[in-house]
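Labels run A, B, C, D and E following the written order; every chain starts at residue 1.
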Amino acid sequence: MSYISLENITTPYCLENVNLNIEAGEIMAVLGFTGAGKSTLLNVIAGLTEYKGDVYFNQNNMNHIRTERRNVGYLLQDIYLFPHLNTFDNIAFGLRAGGYPDDEIKEKIDSILHLLNITHLKKRYPKDLSGGEKQRVGLARSIIIEPKILLLDEPLSSLDPSTARSIRKELKVLQKRLNLTILYVTHDFAEAKELADRIVVITEGQIKQLGSVHDIFNLPAEEIREFISAAISV
Amino acid sequence: GCSQSTAPKESASAQNATSEKDISLDVAVEYTDHAAAFYYAQGKNLFSGTGIKINDVKVYASGVGVAAAFTKGGFDVSYMCLVPAIFTYANGGVPIKIIAGTHKNGYGLIVNSAKIQELSDLEKTGIKIANGPEGTSTDFLQKLLIENKNIDSEKIMSNTVRMNAAKQLMALRSGKVDAIFVPEHFATLAASFPSMKMLLKSTDIWPDMQGSVLVVTEELLKNQPETVEKLKEINKNSIQLMNENPQAAAEIVAQNLNINQMMVKEETQSPEANLEVTSEIAAASMNNLIMTPEISIEEVQAVIDKMYAMGYLTKSFDAKEIMAVD
Amino acid sequence: MIEDKGDQLEMKQNILKNNLLHLLPITLFLVLWEIAGQTAQTPLFPPLSKVIEAFGSLLRNGMFLKGIVASFGRVLIGYILGSSAGLFVGIIMGVNKTAERSLRPLISILFPIPTLGWLPLLMLWIGINEALPVALIFICAFFPVSYNTLTGIKEVKEEYIKAARTLGASSWYTLWHVILPMASPNIFTGLRLESGMVWRTVIAAEMFAIPTGIGALLMNAESLIRVDVIMVCLVVLSIMCSTFERFFLWLERRTTGAWR
Amino acid sequence: MIEDKGDQLEMKQNILKNNLLHLLPITLFLVLWEIAGQTAQTPLFPPLSKVIEAFGSLLRNGMFLKGIVASFGRVLIGYILGSSAGLFVGIIMGVNKTAERSLRPLISILFPIPTLGWLPLLMLWIGINEALPVALIFICAFFPVSYNTLTGIKEVKEEYIKAARTLGASSWYTLWHVILPMASPNIFTGLRLESGMVWRTVIAAEMFAIPTGIGALLMNAESLIRVDVIMVCLVVLSIMCSTFERFFLWLERRTTGAWR
Amino acid sequence: MSYISLENITTPYCLENVNLNIEAGEIMAVLGFTGAGKSTLLNVIAGLTEYKGDVYFNQNNMNHIRTERRNVGYLLQDIYLFPHLNTFDNIAFGLRAGGYPDDEIKEKIDSILHLLNITHLKKRYPKDLSGGEKQRVGLARSIIIEPKILLLDEPLSSLDPSTARSIRKELKVLQKRLNLTILYVTHDFAEAKELADRIVVITEGQIKQLGSVHDIFNLPAEEIREFISAAISV
């Protein structure tokens, strides 16, 4: 069985009977128009929204496991760094909530700050960070708790192309190193193409197509042809 | 002490259970010579011979103060004016009984004779009248006066400011008000100030109206009927003695009023109100009271009916409910 | 170099000029006050010098300091109790829908009642003692603080709470480390606004009911027609109130200034 | 169609459920009040029914309505005078540096004095008459309104004024058509906050000094131990205050809602 | 003599002994680094800042003429549309201040709204306008009072290239039609080149060079060579 398994997922406002399997260590891109249900799908996996159906992680049913125990790293669509905490404390949040000792926290954070090249931002508050800097801090915050699953909701949408490119590279490296299973929401087909092993296309709360980048590019299903060609032309 | 901030004490009955002999009572009185019967009895040690120990005496600026304090309990006995006693029972729901009278009459309207010569002058614009808080006997009398003499109620009431008797005297003296409605001994005292005169006495409004009464809690009456009898007896004796020796009575009363002045000053926030009472003033004042333990149910009923008619009470009731006289 | 010196001199002159300009009107006012007071020769309008004199003699007289201390103590106790209770109820309402639904209609009726309106009721319920001004100040602080706390908590976007939960934080941890810190600007605003109000309340209670404190001093001075004493009391009150408010402004800046 | 009907039904049930849930706690509270009052059997804690009864008989008795009208009249007159004067002084200070420098230090001393603190002074200066509560409310409204007006004007960026002048607007025209409209959100906030405060002030003045109005009714009820009447007065006060504040909120939204 | 003449202009903080002549109907671009004194120069002409020296319009000394009587259209650096007025009322502001009758105002505004293609924005408040839309409204507001001189302080800086291009065209048309004398501040050499008849380069409060686009491009003065090459490379 797959690492993440969604069976017959239905949510009050959006998803209808969604079935999806994601393998361990895979990067799966989630594509779809605004309002299609991409964020909702991620919320189901993180346990942040009500749903009917079953969610399995590594064959364990997670339906009654609360968000804080699912150990899922989640970079929300607008990041939501805590405004009252500086970079260090934002990243430390999850570790402190988990009761780690201070010196261990410091060590872990120093290494991730170094890895993401944001050591110099350590003392700054979110209001003093640029969009790209916030994105990196958010990423650091969600992976420092060492989740097996990482959910990224349009993490690069507000960045200029060159910054986006460099973060994409770092992400690939991280994913390899930590053997993460990643769901990656994006509007941008080129981005999906560059990062993902497989792509799932959602429209109006339903999965319209699932396959490798190559398959989707070359053989888009009837109802999503228009979407794919629009996404490519951007 | 005599400050008001003490918590309700154990009731007399509870204490009685432990010691049959020594009955200690908490007493509330008004700071006027209306309480002369009490002051005199205490001064002449009339209580001690009967096995009654006066545990705590609280002195209030007006009957309204006694009434408000009664609602929180803590007293067994009070010497207070009839009008506040009635609404303590009716509005405050405090189960009290009137066991005797202490005097009739004893209120007066004192005016600045430079500004006011006759009653109709009270209606003039710019005239300021002071009276005690709503529900005091003087307030009751003022409303009666308006009714009896056909004075413009609207004008008078909006000229009337409320303050306690000590402050009324200060205000009259400093010219901030032109007329005051106060109980004795304040009435006589105020009339003794230069250019002030007593325009009306309460007898002119309600002849021989029941003034103050001796009040006990229903609880005391039920559990200690013999103590209540003793209280009546002491009251009667005290009044009789005072009527026989008015000069000696005046001296004791004046002395007591001056002792209590300090606490009342504190309570009324008027440290400046130096209202020293000489025994002459006390004597003159007590002359305006008819001191008698007698009290008639009809008279009390008349006051109750009048209070109901004037809106002090939400419903009238039978005077017998509140009386426990022989 | 010479030019530099000239500049410095000019700057100094400017500073002097500006400061003098600032001081001039108030000095003028004080001088006018003195002259008018001296001319008027009525105790209803004492000259500045008499007010200062009165201040001096009040200071020597223990009563005055005792009054200030009494008022201050009441404000402090009532305010601490009232705002703690307000915080507590506000938090309960903020995190619990049922609590909010139950309490909100009640609070929305009781909140607009002018605090002083409670005085007659409390005089009957509590009696005239030290608990009375404290209870009044409690009410004065309680409602706005609970209301502002609730508002502050409601204004924390749900997404921050979601983010905290994905990071493994329990509800309790989230409350303390996300919701309350983020609600704190609102909470502090409530606390600060009320810190001025409680003074108004204590003054009123003392003027009316409790025979000690600055309010009582004011009333006594009124019946003694001591306008100079009244003026001293007013200035002292002004200083106390603004110090109190400034303290909360400082606290607000200190705790939330860095990140807002 | 059938599904639609079902949905509608469900929706209706939800609405009912939510409204009932909202009403439940307050109903419960009222019922508990009634029961507790009936059980307590003391006039110090009258049951709801007695309070409603008292309200009825007060309404029939002209005194009560007259009291409300008296208080309302004082609030209205004092508030209109005080806030007009506050606006005027605020504008003068906002447009004239000298006026600002002269008045600011004075205002910053007088502003923090609790309004009620003025009562003893005004009792001596004005005496006890209708002008007293009006003067108090005047003070209560004047300082905050002038302060907020000044702040509002100062917060208008100079560039807007420059823009107006390059468009040929005189200083006067700019004041009326640029500065004041742009300062109005601040001004309205001041007006609204004060609209609640003036009620507190009038109540206090009436409790103390002036023998008519709701405040006097409250005090009389206290001395007659009429808790039911006190409660009626408090509810009426709550309604008056919140209506007053809501009116200003509405005015604020209406005048500045479109562009903010 | 020239239409605008500045003689020995010195301002407290910035300009030093500036002399400048601008001919009637000319578009002069003002170039220079941030803080050079470009906006200050415009403020001197508009009478919005203190200065020593003399300003002549058409040979009349303007020193003691107040801003509101100089009849200069001025589009400030950040436009500053009045937030409490909608588009129509913003544009009408100058006419109303000048006491024009309502029907005349309506007529004039309708024609300028049409000219700048913003009729559909008539009822909108500034908060609901995009950057480019604001710029057009601001332009309309400053030219509707029919000034002879128009001062534009970086009017196109915050716009995307294609919008900027179309406004530049409209501006040229307007300038011809109304025979405006324009001072045009910009950081962008290309923009200056496209629009201006002559360019004046200011650094540190002094005029470093003044000449035709061609001259400045080919023969920049010693001290501004670096500036010009930087401006071109952008």
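Convention: contacts are C-beta pairs under 8 Å (C-beta built on N, C-alpha and C of every residue); 3 or more make two chains touch, one makes a residue touch a chain.
Just so it is clear, the structure is predicted and the values come from calculations on it, not from any experiment.
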| If a chain touches subunit C and subunit E alike, it appears here | D
| query | Considering only chains other than subunit D, in their present positions, which groups are joined through touching? | reply | A, B, C | E
| For this structure, which two chains have more C-beta pairs in contact than any other pair? | C-D
| query | Among the chains, which one keeps its Cα centre farthest from the Cα centre of subunit E? | reply | B
| request: Would you kindly tell me how far, in whole Å, the mean C-alpha position of subunit D lies from that of subunit B? | output: 41
| query | At what distance in angstrom does the C-alpha mean of subunit D lie from that of subunit A? | reply | 51
| subunit A to subunit C: how many Å between their CA centres? | 48
| For subunit C, residues contacting two or more additional chains | 123-124, 219, 225
| Which residues does subunit B have that touch at least 2 chains other than itself? | 68, 71
| query | Residues of subunit A touching 2+ other chains? | reply | none
| Pairs of chains that touch, anyone? | A-C, B-C, B-D, C-D, D-E
| said: Under the definition above, what is the set of subunit B residues touching subunit D in their complex? | reply: 64, 67-68, 71, 87-88, 91-93, 128, 133-136, 157-158, 160-162, 176, 311-312, 314
| task | Under the touch definition given earlier, write down the residues of subunit D that touch subunit E in their complex. | result | 157, 159-160, 162-170, 173, 177-178, 181-182, 184, 256, 258-260
| note | Interface with subunit B, subunit D side, in the complex: residues 41-44, 54, 57, 61, 127-128, 209-212, 219-220, 222-226
| said: If we count contacts the way the header does, which residues on subunit C are in touch with subunit B in the complex? | reply: 123-124, 127-130, 211, 216, 219-220, 223-225
| request: Would you mind writing out the residues of subunit B in touch with subunit C in their complex? | output: 4-5, 68-69, 71-72, 167, 170-171, 174, 266-273
